[in-house]
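Scrolling down, you'll hit the structures one after another.
Next come two complexes, and both contain chain A; in the first it sits with chain B, in the second with chain C.
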Partner chain A sequence: MSPRAAWRLESLGFGEVYDYVDGKVDWMAAGLPTEGTNAGRPRAGDAARKDVPTAGLKERLGDVRDRIRAMGWDAVVVVNEERVVLGLLRSKELDGDADLHIEQAMRPGPSTFRPYVSIKEMATFMVEHKLESAPVTTSDGRLVGLLLQQDAIRLAGEK
Partner chain B sequence: MTARSSTPPTPTKNVPTEIDRERLQALVARGAQLVEVLPAEEYEEDHLPAAVSLPLRHVDKEATTLLDRNRPVIVYCWDTA
Partner chain C sequence: MKNKTKTLVKCVRCGTPIESCAFCDEPGCRTPTCYECVSTVLVQAKRQPHTHGG
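Here is the complex of A and B:
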């Protein structure tokens, strides 16, 4: 749609026309502010826990489990050096053999969600699919945080 | 060896230029006009800060009154579709 608008503006005599081709999806996925009736409503990116622990593929499961449970967590997101999400371990995976590497124990390719999704939509989806937590990422897969079902339900209920 | 210029590309005359988010922010800081061309209902829900609404179907009739021809214009919609 925007390319057609850009070309039409050019033909109407506008001399310097640009097309932000990645559009509103890209802007919102980056967690940047918007204006409008939905702007003040909580979204996945607002509620996601930014302090979620992360782990690398080659770490030992037992070491990661001890580290993150000492921090009070029962989930860990597996990322590479660019913070791109590669996997997820929830409580079930964390209870695996301590000597496994993370890449052997993790749930690979977990479903991820964009930061702009409304918290109400997230709460409904997470309950329906029995997701205790869900990674929130930018459109290029970088970790924003981990949304906990309890947080999503609480915030959705407040609105 | 050929030296590369660090100056951002300027559009060839009368050819819309595709830009990314960083370039958009730089252009807006310079006074570019930001225009959402999606239907007005979608604009009402969420739009980029300071953007104006000019749905595609209204461009012909309203562009010249709503926008300044002498300033850069950036259009956007939902995504690349």
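Here is the complex of A and C:
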């Protein structure tokens, strides 16, 4: 919360009050819980699949493809050891030469979206752009999950 | 030496010339949108969890 709000709460007798320096938007970008009348609105972070498979830069494309398709997936997010998103492979990239390294086959630096983004607007954009999936990350680039277009549409109540 | 220039497209919302769509990054995107417009639409749509003067 803001410093003023924190001071006001202290004046009202609240004992444990902190100034979250990076701000409310950063709090929400980390996928942390919020309260209030709009807190229940579905957001990208709610629909993002947290179980999306990940791969490392040096893995072989053929191995990753076999592994993730056996799990029923057609997309994989490339992350480093800190789980920061470095790239993305959707079905088109996954169909590349099996002997390539992931870093040669991936789509580098994909557009990522914060968890607090309204699911309705994401669904509209994803349909308009025919985007099958979009990575959702915190503001420091760590993977939250992969938002699938079908999930966004379902949650947004669009058909 | 050849100068290789990237083909620019115009943002469908504001007309700004951009190299690629900031939303999908697909070269053949039929509704290319600049980063500014993507951010504006997605962030404006975000409702604050509660309202106060900050």
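Criterion: the second predicted complex is superposed on the first by the 136 of 159 C-alpha atoms of A that agree within 3 Å, B and C clash if a C-alpha of one lies under 4 Å from a C-alpha of the other, contacts with A are read in each partner's own complex, and residues count from 1 in each chain.
The rule is short, and it goes like this: a contact is a pair of C-beta atoms (placed from the backbone, for glycine too) under 8 Å apart; a residue touches a chain by one contact, two chains touch by 3 or more.
Please read all numbers here as calculations on a predicted model, not as lab measurements.
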More chain A residues in contact [chain B versus chain C]: B
Which of chain B and chain C A:36 touches, first, second, both or neither: both
First, second, both or neither for A:120, with chain B first and chain C second: second
Which of chain B and chain C A:26 touches, first, second, both or neither: first
Contacts of A:4 with chain B and chain C, given as first, second, both or neither: both
First, second, both or neither for A:15, with chain B first and chain C second: first
Shared chain A contacts, counted only where both chain B and chain C touch the same residue: 2, 4-5, 24-25, 28, 34-39, 116
Complex contacts: residues of chain B adjacent to chain A: 11, 13-21, 23-24, 27, 32, 35-38, 43-51, 54, 56, 59-60, 63-64, 67, 69, 71-81
Residue ranges of chain A in contact with chain B within the complex: 1-10, 12-28, 30, 32-39, 116
Of all residues in chain C, those that touch chain A in their complex: 21-26, 29, 31, 38, 41-43, 45-50, 52-54
Residues of chain A touching chain C in the complex: 2, 4-5, 24-25, 28, 34-39, 41, 43, 107, 110-111, 113, 116-118, 120-122, 125, 128-131
